[in-house]
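Got some structures for you, see below.
After this come two complexes, each holding chain A, first together with chain B and then together with chain C.
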Partner chain A sequence: MPNDYLLTVISNIGMISLIALSAYLLLISGEISFGQQAYFGISAYAGAIATTLWGWPLWLALLFGSSLAALAAGFVGLLTLRISGLYFSIATLAFAEMVRLSLFKLTYQIEIDGELIGPNGAEGFGEIRWIFDNDVSVLEYTLLIYGILLLVLFFLVLIERSRLGMIFRMLGQDPLLTRVQGLNPVRYKVTAAILAGFIAGLGGTLYAHSFTYIEPQIFNMMLGVHALAYGLIGGLGTVLGPLIGVAIDIGFLESVRVIQGYRMVVFGGLVALMLIFMPRGIFDEKRVYWLKSIARRWFRA
Partner chain B sequence: MLAVSNLTVNYGEVQAVDSISIKVKAGELVSITGANGAGKSSMLNAIAGICAVASGKIVFAGEDITGLRAHQIVKKGIVQVPEGRQLFATLTVRENLLAGRYSNSGFLLDKVIPDSLVQRFPALGERLDLLGSSLSGGQAQMLALARGLMNHPEVLLLDEPTLGLAPIAVKEVFDLIAELRDQGLTILVVEQNVRQALAISDYAYVLESGRIVMQGKGGELLNNSRLVESYLGAARAI
Partner chain C sequence: MLELQGVSKTFGELQVLRGIDLHLRQGTVSGLIGPNGSGKTTLVNIITGVYPPDSGRVLLDGKDISRASADQITRLGVSRSFQNVRIFNRMSVLDNVIAALIGHDKAGLTTLLGRAKRTGDPKVTTARQALKTVGLLEQRNLSASELPLPLRRRLEIARALACDPKVLVLDEPAGGMTPAETASISELIRSRIAPGRTCIVIEHKMDLISHVCQHLCVLNHGEKIAEGDPRSVVSQPEVIEAYLGRV
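What follows is the complex of A and B.
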């Protein structure tokens, strides 16, 4: 039986993979968002409020938190339609900071069993007790996280094999050439933003219930930068790319005792090296194409 | 079929196209020629909805399409093959071809390329599952043309289709353009390769500094002494 520390690392990989997948979806559509932590945070607070203060079941809280995150992402997507590149990145970062600072002002507490519970500005939001109240073990919760992650992966694989996924990749490579194919970039950019917001939202609600305590500072810029970096390390050629990035950072760098304390230095260096030598990650589009060709030949043989 | 009247296109304070009027009849091949910076591509981009029209009117099949966006214009039946043999480099040849008809299909990816297209472009048919970036210049141009045809256009706008190609590939592209016209497709082509463009054109316009300085039937312009002196003489010297 794996110990609780190991399970925590594994479940952390699963939850952070969701925000990494959200950033990946935007990356393949050609947008570099530094603000996916905002949707992770919005859903973390909304989902936790729904279970802890309103007594909703977790599945409904997940849907509620993620839908709210998707709505916010769609709104930001609409506002940023006319900008791209660095301007888009800065706009997403500004929105994320706005959300984080707003969470410092958010106070919504209800008395439960004689105790005030709920978000209380900088003090954060504790007593998110859904897993204790429902007798869910760490192992069971980890399995739930991975069940949801698998569903999201399945959905993204389906998207990648669909017309929509191909249009995302076309937009990512050349928006103008995409337009002259008769495709309206506005519709697809906003769709990508909404889907990415929803996926980040799933991670947020799961995160809040896993750690039972959240505060605005968790959803800072570093979370967004990491989410972005995971896709850029693992590769943008496959939906598994961001997961490989998360596994390298949290699974390897955080677990190896020798580099503990220097994790950020090693991770930062790794990102810099990747951007120089493999700008679209280990499993970029060309390597994935090459691997698929080998697999096809092997299966034929 | 396509009528452009008094079209003006500005880039900031620079006037790229100055009150140009052209007509393209159904089934005709019309070419726009001229030196670099004459405003040829700007005019084509304005018709395709890629750059803004400062003034003037563009009418297609009796409908005013001035100011429509690029994707709306494609839906009307005007498809542009942009300059530079542009491809989606990390997509396969098949996916690049299918990109030309994504605006008309449903959620699922239909990976079937019509037989007629494979027969017309045999070099592409043999390379359907290769990456677009692996094609030679001539093959990439053929792919760009084939992708344009996937949308079943009523008018095909070609922007410098032979730019940077080897002479043998240039001939192949011109042969194909002439063949498409013979099959009834309406084509407006912007081309610097003046002699070959005029040789296959039903009608042609010559642009200089954003204005039309000459126009006439392709064959007639080939014998125009001023045009020969300005463009073809230089071409011979090269």
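What follows is the complex of A and C.
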């Protein structure tokens, strides 16, 4: 049996992969969001409130938290329709900071078994006990995370092969050209934002129940920067790209003792190198296309 | 078919177009020429909905499309290529053409979530046919970024052609090409693209214009200075003066 530390690292990879996938969806649609941590955080708080304070089952809390995150993402998507590029990135970052600072002010506590439970501003939100109350082991919870991650991956693979996926990639390359193909970019930009918000939301609720304690500081800019960087390292040519990025950062950099303590230095350097030499990541569209054609030839043979 | 009535456009202090009237007859190829900065591309951008006109109207089959967006105008049947080639570089040649056909799908959820390229999809057949017309079928599986400029221009034409547009707008289809490449694309437009189709061709190369156009309109400083049969138009003193200066 794997030990709890290893399982925690593995489950962390799974949960962070969800926010990385959400940033990836926006990246392939041509938008760089520094604010996906906001949706992760909104869902973490909403999902945890739903199970801990309202006694909802986890599946319903997941749906609630993620839907709320998707709504917020759709709202931000609508507000930022007329801006793109750097301005969009700054707007998303500003929204995320607004959410984080609002969480510092959020106090909503209910007395349960003689104890006040619930979000309490800067002190955070502890006693998210669903995992203990329902006798869920670390292994079982890790499997749950990976089940959800697989579902999301399956969904994203379907999207990638669909017309919608093609439209996202068209938008990511040239919004004006997409428009003169008869497509309204506004509709698809907002769709991408909502889907990305929902996926980040799934990660948020799972995160809150895995760590049993959350505080506003967790959902800071660094989480958003990491979410972006994973896609940029792993590659934007395939949905597996962000997962490869997460595995490199958390799976490799965190587990190699030699570089422990220097992880962020190595990570930052890696991102800088990638942006210079492989701006669309290890598995960019060209390499993925090349690999697919090799695979096709191999299967034919 | 397509009619412009008193179309004007100003950017800041600069009046780019002044009261342009133009009538495109169905099934004819009209050329639009003029020196650099005469307003040709702005006119095309107004026809295709990239910019709205400040005043005047654009009518397609009698319907006013002056305030329609670029995507709506495309769906109404106006397709275009660009002066500076615009293709989806990170897609294959075939996917570039399929991308154009997707824009004409009904935007229902099932359509959107359906596979972009199903086996036996009529879109794939149409896209292949368009590529065959412009001579790019062999290159269909290449990444569009690997194509040299003349083939990129052909890809743009295939993309516009695939949707079987009512009006096809070609903005400098021979831009940046050698004389041999120009002759080749000129012949392609005349023999395979233009027949039975309403086209506007913007070009500086007069040999292409005289080879493919039945009607010619000349702009200078945002005004229409001549219009009619290409041979008679190019011999008019105002046109010669606009191109060569006072002689």
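Remarks
Everything below uses one rule, namely that the second predicted complex is superposed on the first by the 301 of 301 C-alpha atoms of A that agree within 3 Å, B and C clash if a C-alpha of one lies under 4 Å from a C-alpha of the other, contacts with A are read in each partner's own complex, and residues count from 1 in each chain.
To be clear about the criterion, contacts are C-beta pairs under 8 Å (C-beta built on N, C-alpha and C of every residue); 3 or more make two chains touch, one makes a residue touch a chain.
It should be emphasised that the depicted structure is a prediction, and the values quoted were computed from it without experimental measurement.
In the model built by aligning both structures on chain A, chain B clashes with chain C.
Contact with neither chain B nor chain C is seen for A:98 once the two complexes are overlaid on the shared chain. By the document's definition of touching, neither partner reaches A:116: not chain B, not chain C.
Look at A:151: by the touch rule set out above, it reaches neither chain B nor chain C. Of the two partner chains placed around the shared chain by superposition, chain B and chain C are both touched by A:180.
Of the two partner chains placed by superposition, chain B and chain C are both touched by A:162. Contact with neither chain B nor chain C is seen for A:291 once the two complexes are overlaid on the shared chain.
When both complexes are overlaid on chain A, the residue A:272 reaches neither chain B nor chain C. When both complexes are aligned on chain A by C-alpha atoms, chain A residues 161-164, 166-167, 169-170, 173-174, 176-185, 285-286, 289 touch chain B in the first and chain C in the second.
The residues of chain B lying in touch with chain A in their complex are 48, 50, 69-71, 74-75, 79-80, 82, 86, 88-92, 95, 98-100, 102-109, 131, 147, 151. Note for the complex: chain C touches chain A at residues 48, 50, 69-71, 74-75, 79-80, 82, 86-92, 95, 98-100, 102-105, 107, 111-116, 141, 143, 145, 159, 163. Taken in their complex, chain A has these residues touching chain C: 158-159, 161-167, 169-170, 173-174, 176-185, 187, 285-286, 289, 293. Every residue of chain A that touches chain B in the complex is listed here, in rising order: 161-164, 166-167, 169-170, 173-174, 176-185, 237, 285-286, 289.
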